Structures are given as structure tokens and as C-alpha cells.
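In what comes next, subunit A is part of two complexes: it sits with subunit B in the first one and with subunit C in the second one.
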Partner chain A sequence: MTATTTATPYRSAQPVARDGFLRQLHGEWTKFRTVRGWVAGMLTACLVTVAVGLLGAAGNSISCAGPHGSSCHHTALTGPGGEEVRDGMTLVHRPLTGDGSITVRVTSLAGLYPPDGRVPADGDPTAGMVPGVQPWAKAGVIVKDGTKQGSAYAAVALTGSHGVRMQYDYTHDAAGTPGAVSASSPRWLRLTRAGDTLTGYDSADGTHWHTIGTAHLAGLPATVQAGLFSSSPEYLVTSKSLSGSSSNGGPSRATAVFDSVDLRGAAGARWTSDVIGGGGPADPGAAGLGYRQQGGTYTVTGSGDIAPVVPGRGSPAKTVESSLIGAFAGLVVVTVVATMFVTAEYRRGLIRTTLTASPRRGRVLAAKAVVIGAVSFATGLVAAAIAVPLVAAVEKGKGFPMHRTPFATDVRVVLGTAALFAVTAVLALALGTVLRRSAGAVTAVVVAIVLPYILAVAAVLPAGPSRWLTRLTPAAAFAVQQSVHQYAQVAAGYTPADGYFPLSPWAGLAVLCGYAAAVVAAAAVLLRRRDA
Partner chain B sequence: MSALRQAARAEWTKVRTLPGLLWLLAGVVVLTVAVSTATVAAVHCPAAGCTQDPAKLSLTGVQFGQAGAAVLAVLLISGEYGTGMIRTTVTAVPQRATVLAAKAAVLAGLLLVAGTLAVGGSMLAGRLILPGNGFTGFSPWDGPVLRAAAGSVLYLVLVGLLSLGVATAVRDSAAAVGAVLGLLYLFPILASVVSDPHWYRHLQQIGPMTAGLAVQTTIPAPDAPIGPYPGLAVLTTWALGGLLCGLAAFRYRDA
Partner chain C sequence: MEATIEVSDLRKRFGSTAALDGMTFTVTPGRITGFVGPNGAGKSTTMRVILGLDSADEGTALIGGLRYQALRNPLSHVGSLLDAGALQPSRSARGHLLWLAHSQGLSARRVDEVVEYAGLGTAARRKAGGFSLGMRQRLGIAAALLGDPPVLIMDEPFNGMDPEGIVWMRGLLRSLAAEGRAVLVSSHLMSELQDTAQHLVVVGRGRVIADTSVADLIAAASGDRVTLRTTARAQAMTVLARAGAVVAATGSETLTVSGIDSQRVASLLGRADVPFSEIGAHRATLEEAYMELTRDAVEFQSGGTR
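This part shows the complex of A and B:
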């Protein structure tokens, strides 16, 4: 008989580790950190984002041989809010000290424009122009902080085809009574000043007044210029060709007839006329601009626009997003790495070890998502933070004017690009978990995010389908890079190819987040249900 | 020659019996036709007159379908590296050029069939829908339209061959797909941001996607950066170059 021995099973001397989420994160981070190809991939993503941006800047050239050589001598004019503005008009004004009001009656608004968008040759600037008033030509009453370009103002104006508007400080616009005017149905306009508050009114008969809106112009001096003005924005012709669309434009003019002018308050005695934004009396383009007075009737002819600048395809000004054009290439690389972060586990069989070590599968997915999301966020942040100033410096060196944006917008664009990288990586990881195959997952993510962006931004598709693509597909998230603002009171081609996405920046990113959340949910369910 | 035929037969057997590959081909057809249909349904002719090329619009889906063609090509070779099947393959057929040629031949055949269906469906959608949106109708038997259609099929085949070459050189499927799609999409994006007309033209001329898709133009375009046939020749050069790189890597490397 042999004595029975009991064998004690081996127990590791290691203390039992707590199976916490932090440990899991640490494990996933170790996996990422120790695969050389993935780390190199993220560095590559950073590098291509900057390199493609630089390549795009290198291929840009600006010609100083324009009709006025204007593009090279571009000095950014900024309004009171810090944004880039245009300020051109014919202003007939008197100084006004303290509170007061100005009332006029508009009996006609007519205009001239160059139908082929060409700048008239030397000589008569109106040669080749045909009658027609621009939709956003404006004529009315204005109170302005001096005649310097870019100064604060408030105005009540009749427009070519948008009725009466009250506008102030370039970016603000409110609608009054719609409709056009004629001698038989004129329109009365009134602007009153009380301290810093300016109130605009309009009326069809001069007795019943309708309030359009009020403006608070902080810091308006005691003495301002009050008077009549007329302006008419450039007429733009956009021609479509194989290389997308190009636009050329020429100045247009508007002529308004005012009477019953009534300026109340401590006002100066004589009217002075200034062509604001013109090249001075020597400029041949300014011939015919100004005003004529016959009795109580004032005829004011003006050209130019009082509005924020909207950089579009035809504008030489460079925006922040144009230096981030390489983001799509970085996104492709990030997608590859993020997909492999999970598909490589399936291919090598490591997923079985991973799930044995931490059987809670949802948590494995969460840990992977957090690690790859954080790494991609950092990659995108570094890439954007390098690309934005570097590409801007190259473009500035080549003589390009830069479109001025508030600093907060720049920060949002850079952070948004990092978020775009992070959410795309999570989407790719989740799709890799669902498909368990790299090729399919990478292709699906690239086709869903990058291809619609190319089709819309590179003007392959017309504006209609482009808008739908950038609204419905995950490519909507590129809106987060948009620094330009769309203004209802400025007529321009607001298409994705011009840099205007149909959704707001964060709404666009939310579309991508929605897709990512749906795929992550599907991945969590499938990971739990399927054998590894 | 019979070695090539037998190798091609073996490749065809692999494609036929692998789950998913033929579904992927069907996916290429469906995606191409669906995107083309959606595009022609969404576009309307402005009152000022149509400047859009109706045949080219009808073939928009090819830009999406090419991604499917690229995946199919990548999977043909990367799939073997992923599972280790490549060692069996090169043991059975030690002439590696023959293996690659057989894969290329099978891939070209598959894409020719799928491409014809996809392009045919897209043209049909354009022909039925576009006249309702104010466009002038076009006959699929017109010289330029026929050239655009046949050229689009050829475009898909060539993109597939380029992808096969890249995937043979890179071996990993995710990296190969990323590289191919990056290469295809880089040139149109870059061309959209450069303002220098010379750069613009050259980028359009050398890009595999931009040059290759010039074959879809059916309206006279004197300012086009590259003509239809030279464009297809550029893409062919890319495909041949890709295949040669892949072959070089394949021959001098252990499987």
C-alpha cells in the first residue's frame, strides 16, 4: 500500500492583481507602444499631414500682374469685431454731435454692372456696363465713426432685392420691410442715436414707423458722421470648367435718389461727399461716383461693399483650413493603424490571450478604443499644431494675403482636427472588430470619410450632391476645420468646394460621432456573441 | 504557357472557393450603380444651361467602385500572406512571376466582368434619369460615350492591377489598402488646393486617378490637363510599374 499524497496545485507567489480598467488600459497601451510599425505609423500620419500641406502651399503662386496689382498689396482691413471686412461706398455726410436722428425718403434705386464680369479698361469706367441693380446693393442712412475704412457704423438701407435692412458693424443684419421702391411707392428710412444705442425704422408713408432693430455700438464717440450712402458689391461671374469653377468680377455701381432729408440734432452745416474705399480722385474707376443735389433731392452714386469678407474659391486669401489639406492623408494612415490595432490580434491569435486575461469583452473594446483614440488625438493635435503655422508661414512668404480669423477659431480648428483623427480611429477600430479583416475595414472607413470629402472639396461633383455628401456621410466631420463664416447678407458661392460645409463645425463632427457610436455598439455586441 | 494556364486555374479555384471574394465583386457592381444613380438623381440642370458632362456624371460611381476593385486585388495576395497560404502557393508553382501573372490574369478577368456590369448599370441609370433633370440625352453607342464606358471598365481593371502590385510589395492588407487609396486620392486633393496652373496641370497629368478618369470626358474640353487616351496610358504605366515593383519584391524576398 502506498501512502496517498495530496499534491497542492501550484500557486503563483505574485500578489493577485486587481482586474481594473486602468490595468487594462495599461495592457493595451503596452501593446500599442511595443509594436514598432504602429508607432511609426502614427509618426507617418503626422508627417504626411504636414508634408501634403506644404506640398499644396508649394504649388501655389500668386500673380501680381492683376488689373490693379491689388492681390499683392492686400492689406487686411478689419472691422470692430476683428474680422476681415470690406468698406467701400459713397458717403454724403455731416458731423453730428450727441444724440440725433436722420430721416430720408428713397424714391429710386438703380444700378449698372459689367455683364461679363470684366474690369473696364481705362477711360470711362462705366463702358460696357448694362443697367441692373445688384441684389445686395445698398442705399440709405448711416451713422459712422468717421470716414476711416473699417470703422464702426449702423445703417438702415434699401437693398437691390432684399428689401430694407438694418446693418451694423459689418457682420450684423436684420430685415425690415421687403419689396422694391419706385417714385409712386417710396420708402422712408430713419436712424436715431441715443447714447450708444442706434435704432432703425422704416415706413411706407412717413407717418407710421416700424422698428427694424437696435444696435449697441460700444465706444462710439460723441461726434459721428451722419448722412446718406450708396454702395454696390462686385458683380461676380462664376464659370465652370474642367478645373472646377473660377470666378472673375468687376465693380458695379448703384444710384439712389433721396429727398425729404431731415437731420436732427447738433449737426454741422454743410454736406461733404467722400468715396470711401476708392483710389482717390485720381483713380479713373472713381469717375462718376459722388452726389448731386438739386433743391431737396440728392442723387448718390456709389460702388463697393460694406460687408465681411468671405474668402471663396476666387479669393486669393488663404484660410486656416487650407493649411490642413493634408489631414486626409494623415487620416488614411491613422485608419490603417487603428484597424490593425484589433485585426492584428485576430490574425495572430492574440485575441484569445487577451480575452482569457480579461474576459469582460466590452471592457477590452473600451480599453482599446480609449488607447487608440487618445494616441490618434495626440497625433492629430501635433500634426495640426505644426501644419497650421508652418504652411501659413510658407504662404505668407510667397506673398499670399492671409484671411484673419479670431484666435478662438484657430484653436477650434486645431482641436477639431485632433478630434477628427480620434473619432476616425475609434470608428476604424470598431469596424475592424466587426469585420475582423483589415482590408475591408480600412477601405470602408476611407471610402466613407475621405472619398466624399474629395468628391465635394475637389469640385468633382456639382454643388447639390456635394452638399448632400458633406451632410450625410462621415465626411461631414471635415466641417470642424471650417474657419470661414457664411453670411446671409453677402452673395457668394457657399459650396463645399469653396470651403463652406452645409453643417456647423460641431454638428459635422457629431455626424461622425454618430456613425462611430453605432459601429462601436455593433462591435460590442458582436464581440460578446461571437467566438474569438 | 500551359504552366500559366494551370496557375491561373488554381487562382480561379481559390477565388471561387473563398467566401467573400465574389460577394465583394457583387458589392463593387452594386456600389457603383447605386452611387451613380444617386448622383444623377441629385443633379439638376440650371436654367443658364448645362455645363456638366452627362456621361461623366453617370459614371460617378466608378470613383467609389474603384475602392472595391482595389480591396479585391489586395485580398488576392495579402490574404495568402495573412494565412501562410503563400508558402503552399510558391511551393506548388515555384516560378514566382507565373504566380503573379496568373493572379493578374484572374483579377483582370473578374474586374472586366464586374466592371462591365457596373458601368452598364450606371450608364443605364444616367440615360433614364438625366433627361428628366433637364439634360440632353446621350446614346451609349456614340463614339465618345462608348469610349468613356469602355475606358471606365478598363480603368477599374488597371486600378486593380496597380493595387495587386502594391499589395505584393507591401504584403500586409491594411497597409496595402491604405497605400493604394492614399495614392489614388492624393493627386485630386492636392490639385484642388494648388493655384499655380502649371502645378495643377502636372498633378492632374501624373495622378493615377486624375489621369485615368480623363477617359470619362465626352464633351469637348480644350483646356483639359490630359486627353482620354494619354490619361489611360499614364494609369497603365502606374499599373505596370506597381506590378513590376511587386514582382521584384516577390522574387527576391522569402515568402
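This part shows the complex of A and C:
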């Protein structure tokens, strides 16, 4: 028998579909969802993220008593920008209608603080305090939208050790002339109002004025309170131990001496003094706060701070990111599934089937990355969207004060967590493609992302190395979960362990994206070059 | 698209070993082409190069005139079964076929068709990890037929199949070829391809040793030998050897004679009064023909070391 060469070639009865990237996506998605273990893995990642967050909340407890036996019940106060703020001072004021200005001369700024952070339960509130002015104690001139806490303001003030500053609406700060003052070298301060625009000046002699800055306080009413103020932030002692950190804080005081007070414009006749943020006249802690006038000299003693709240290790307040403390655990699970999504194919030789079905290898990698990225994004999104309100509810139930953040920040933290999951998954997938082994790829991703995060955030390492780790390693991406804001004009421990990352949220995520892009590129080259 | 596979002058080295050394052959539609050779002869490597999985150092492998990488929705052009064990154990057989189908724009209905065709039946819902090798081969066949391709490439499809499965596989391959498809089937055992392949490409050490029809191969190996059955073996051997023939005993009652034709054998034995019951031209088995061809090409003789 000889072979027939006249056979009619076979014609396929199957309609030939258009070849496209969407088909590869569809194929990879079907591949993912038909392995129950992988779907279960993503659900587990979700559960672990929420569960570790809940465990963290359940393991914490708070017992809190304020000075003089008052409870430290936290009433969130928000400023004009929606941030949580403190607003405490002694304000000596007169109403001012329309445009005007206020000018003073400061001849002295002194203070008292409790060196061990403790304050006596009753009696003299200054008992045990020693002389010393807090670096960010402030005294100067102010224009404020009424005496209600949290209202808009602009102020020019002398500080304990940061020279003259112009500040407004709690979060804004500009530096004026540096240096301290004394009777022999006083400082002149001036604040003018022209419509919504407030301009701050300082001067060494009352003749030559230097402009510090301007503030636009939109919606400032025609009649405001203008006058003198004095404030001094709480003195905080943070002690660290193996089991964590505890902090003691106590109120401090600042006393400033003003003269040459010159209030111009349509102002009221009488000075009124208010202790803003105090417990009222009945509060024993307010004893000694207020002002004295002798001729043209005004001595104003105040306590409290006019500043945004910056939560940290020392503060009991819970932030959005503290609800997401379990994200690292969920991320480990996502890493395992994402790696397996490709290494399982290498292990069984299934990669050959994949590449015969889709010979364009770059597209195969892209389709896999899109599928695992999208699935991980959804996992992170669901996990964060459950963890944030649930953990916060548990913390609230236990009496923890909650740090308030603008809604947009909460949304960014939740979406950012989802993005963190997605990009990490893509990185793990790409590394799995490069190494073709699960164990090595999973270990590498965990060591690169989760380990530096834990070392930095759990305060295993000192602040310096922690900052470098969270700047250079892919763990920088955890910055996307930071809801707290760092302010130069507020003294606090701004370390990763306090929740402060060296990079901005999106810059941190960009670092991870950079690593992922590099590994994806390497994976694409190797996948194309290697025999399958 | 012309349903042919044209392999020309493929060369590929792994280190100092030449896996492919000028491999050249053509697979035409409408028949089963057996691709045989001992283990390590380069069969699998050639198939991987045809499928675009491995790259050759030199030479080309074209399907209907195109490189595999140039095919769009390749499973509609070429169906292949390389390694039946290449499965995600925790994915069901149906799930495996479904992702393949979706990657080609094929429907779930087509999956059900090939499940039926390959005789997987209800097992399709089970996890592929629990499948016997025979069941995996059936799943591999289903995957290869998913796109209803005019070209089929199968590496050792009989491996691990029970006798019933082998009969099924032979019938299936024959009917696929009869439909006008080009079918390339590799095996390291010629016996598996006996009665299945119509054309053979015999390879050894990375190159083609014989590219021939099965009939021609057997004829060439048979030569002009005569098979004789007799109860008086010793007597017959003496008579025939005296007449100048080369005689070999191939069994207790059978002899193979070469050098003289069957008529002369009959007359010599008749004259010498040697009884015999059967006499005829010798027909070599495919296995014999193959052994003869590949004797030099077997790289790993039994007991040999590399």
C-alpha cells in the first residue's frame, strides 16, 4: 500500500474566533476560578486581614483618667478643613467689625511644665511643675471667628523655641523672625484684616516691619474676635518597654507679657478673657489661667494647644490604619496564591499547554497579571472595607477614642490597601515566572514587603533604619494606608512605628510599582527567551 | 490553511549533545504518520519545536506554511497532546477544557462535545488529579480536539492505556486521519503503531533514518527469505545447508532459510524425504524491521551508561 497524497485536507467545523487579548483574559480568569483552592485562598486573605485586625483590637485595652479625676472622654473636634484639631488657649479679646489691625509688643515668654508627666489629682494645678517653656508654646495676636473651639483663625505668635510664626486654621504654619525675646530685645507682632485676607508681620523695633505671610479665610464673618492669646501644648513623656509603650502627659503653661497693644478698626471697648478648651470657671485645673492688666501691660497665662491632632504611639486614639493592621497577614496569603497561579503550571508542565494555546508569551504574562491583579484588588478592597468599620466599632466599644480623618482619606486608605494587594500579587506572579518555583518566590516577596513593614512598624528597629526600610524596600507601599498627617509645627514622634512613613502615600505605592514593573519586565524577557 | 507539517533541517544542541541533527520530514493530511525511534532520539524535542515551545538553533518547522507562533487561535489549527500529566490536579477535567476553550473563543458547548467524544462522561466533573493515566490520555485527546483542528500532534498517546483504551485510541486516530487530518503520532514502541500508522518516520540520534510507507519498510526488511516448518529440523538443516543455503533455527519446529527460493527448498526436501508441513516466503514484522533500522541509533543499550 502506498500513501495517498490525494486526501482532501480537513476543514474545521468550528468557527474561528477572533484572536485577541480579551480571550486570553477570559482563559486566565477561567483558569483561576476553576481551582477551588485559589478562590478559597483569596477569601482566606480577606478573613485573615479582618481577623488579625479584630485580634489586635481585642487585645488592646484602655483605662483612662484625666487630671483631677475627670474622665478623658474624647470629643473629636474638627477644624475648618475637617481635620481633627485641638483648640485650647487663654484668649483676651474684643470684637472687631470690618477691616482693622492689631499690634503688640512681646517682652517675655515663660512657662511651667510637669517633668514626670504627672499632675496632682487636686489642689494647686501647678504643684510639681518646674519652670520651662514648651518649644511650641505660642503667645501673640489672633483674629478668630468667635470663641467656639475649632473655629477659623489666623495668628501671629512668638513660640518657645521656633521664633515668630504665622499660623492659621490649625494646619498652616509659616516662619517669621527666629530667636527668643527678652525685655531688652522684645518683638513686635502685627496682624491686619482686609476682607478675607489676613496678613502677619513682625518687627524688632515697631518701625521696620517684615511680612511673614497671608491667609485667606473664606467665609470669615464681618465681626470677629481680635486680641491676645497664650497657649502651651501638653508635655508628654513616652516610656518604652518590651510589652509596648506607655505615655504620661500633663498640661503645661505659658505666660507672656505684652505691651503697646494697639487695636485699630471698629472694635468693641472692653477686653474679655476666655479660657478656650478649659473646663469652665469651675474646673480647678483652670486656676491661675487668665490675664492681668497693669496700665498698658497685659500678662496672659494660657494652657492647651492650637494645632492639628497627630496620633502616634503615645496617643490612645485609634486611626483608620490601625483597623488595617491585619493587611500584612492577608498580603502573605495573596502572595502565595498569586505565585501559585504561575508556578503550579511550571510544576506540572501545564505551562506548555498554556503556551500552545497562546503562543504570544508576553500576552500570556499580561493576561495573568491582569487577572491576578484584579482578583487581589477586589480581595483587598473587600477586606479593607470590612475591616475598617468593624475593627473601629470594636475599638469604639472598648472606649478608645477615634482619630477623625476626612472621608476622602478613608477612601484613599481603603482603595490604597486594595492597590497594595494588587501590585504585590503582580510582583509575586512575575517573580514566580522568573524563578519557576513557589517556595523561593513566596519567600522573596514576603522578605521584601512584609518583613521590612513589621520591623519598622512594630518598632523592632530604631527610627532611622525603619525610615530607610520604608523608603527603599517595597514595604514603602504601606504608606498608602497612612491617614495621619505630619506637621512641622507639632512636636511628636514621627516614626513608622507611630504610623508616619517617610514617603507620601502615593509615592510609597509608586516604589512598590517600580519593583513590580522591573520584575514583570524580567519575567517577560525570560518567558520569551526560555524554552518552555 | 494546508494541513501539513514541514520540518526541515532542524538542529538543536543541549550543551555538547546534539538533540536534533538535521531533522527533516513532512507530514501530509489524510494519514497517520508514525514518528518512531528509541528514547532520546529527538521525537519530543521535534514536537516541541513544531509547537513553538522550544526554539531550534537552525532550521524551520512550519504548519501549513506558517510558524506556530504566527497562528491565531492555534488550537483551531493544531491539536496537540504532549504530556497527559500536565494538569492542575485540583481542577476538574471540565474546568481544564473550559479555560482552554475560553482562551480560543470557543464555547462551553464545544467542551461538552469533546468530553462526550473522548469518552470522559461524568468523570469530567471530577478533579483531574485523581485520574488514571489512561483517563488523562482521554482528557488530553479531548483538549487536542477542542478546536477541531486539521493537524494533530501526539506524543506517546498510548502510554499507560489499558488494552481497551489502546483499541479505542487506534480507532480514533484512524478515523481522524480518514477525515482528512494530518496526524503525527510518536512512540518508542513500534508495536503500538503496527496496524495504525500508514507512514513512518523512523528517527535516531536527532535525524531521520527512514521516511517510508509501512509496506515498503516491511518488504525491505523481509528480503528473500523462506520460512519452513518441519518436525525433522536437524535433517532439514543438513539437506539445505549442503545445497548452499544459510539456515537459522527460529523455533523448535521452524527454520528461516535464505540463499535459495521456496520452490527449490520444497524440491530439495522432497528428494531427501524430509517431512515438512509449511513452507512460504518470510514476512518480517514491523518490529523486526524497526530493530534492524535503529540498531545503530539506540543511544542507551541495555546496561549501557552515558
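As a working rule, the second predicted complex is superposed on the first by the 510 of 532 C-alpha atoms of A that agree within 3 Å, B and C clash if a C-alpha of one lies under 4 Å from a C-alpha of the other, contacts with A are read in each partner's own complex, and residues count from 1 in each chain.
The rule is short, and it goes like this: contacts are C-beta pairs under 8 Å (C-beta built on N, C-alpha and C of every residue); 3 or more make two chains touch, one makes a residue touch a chain.
What you are looking at is a predicted structure, and each value in this text was computed from that prediction instead of being measured.
Is A:Ala183 contacted by the first partner subunit B, the second partner subunit C, both or neither?
After superposing on A, A:Ala183 lies clear of both subunit B and subunit C.
Identify the partner contact of A:Trp468: answer first if only subunit B is touched, second if only subunit C is, both if each is, neither if none is.
So A:Trp468 only meets subunit B here.
State whether A:Ala218 touches subunit B only (first), subunit C only (second), both chains, or neither.
neither
Per the contact definition in the header, classify A:Asp531: touching subunit B only (first), subunit C only (second), both, or neither.
A:Asp531 contacts subunit C only, not subunit B.
Does the superposition put A:Ala458 against subunit B (first), subunit C (second), both, or neither?
first
Could you look at A:Val35 and tell me whether it touches subunit B, subunit C, both or neither (first, second, both, neither)?
second
For the complex, which residues does subunit A have touching subunit B?
Interface residues on the subunit A side: 48, 52, 55-56, 58-62, 240-244, 316, 322, 325, 328-329, 332-333, 335-336, 339-340, 343, 347, 437-443, 446-447, 450-451, 454-455, 457-462, 464-465, 468, 497.
List the residues on subunit B that touch subunit A in their complex, please.
Going through subunit B, the ones touching subunit A are 24, 38-39, 42-44, 51-52, 60, 63-64, 67-68, 70-71, 74-75, 78, 82, 172-178, 181-182, 185-186, 188-196, 199-200, 203, 217, 221, 223-225.
Touching residues of subunit C toward subunit A in the complex: what are they?
Spelled out, the residues of subunit C in touch with subunit A are 2-3, 28-31, 48, 51-55, 68-69, 71-76, 78, 80, 82-83, 85-92, 95-96, 98-100, 102-106, 110, 143, 147-150, 179-182, 198-199, 213-216.
Please name which positions on subunit A make contact with subunit C in the complex.
1-14, 16-19, 23-24, 26-31, 34-37, 344-345, 348-350, 352-353, 355-360, 531-532
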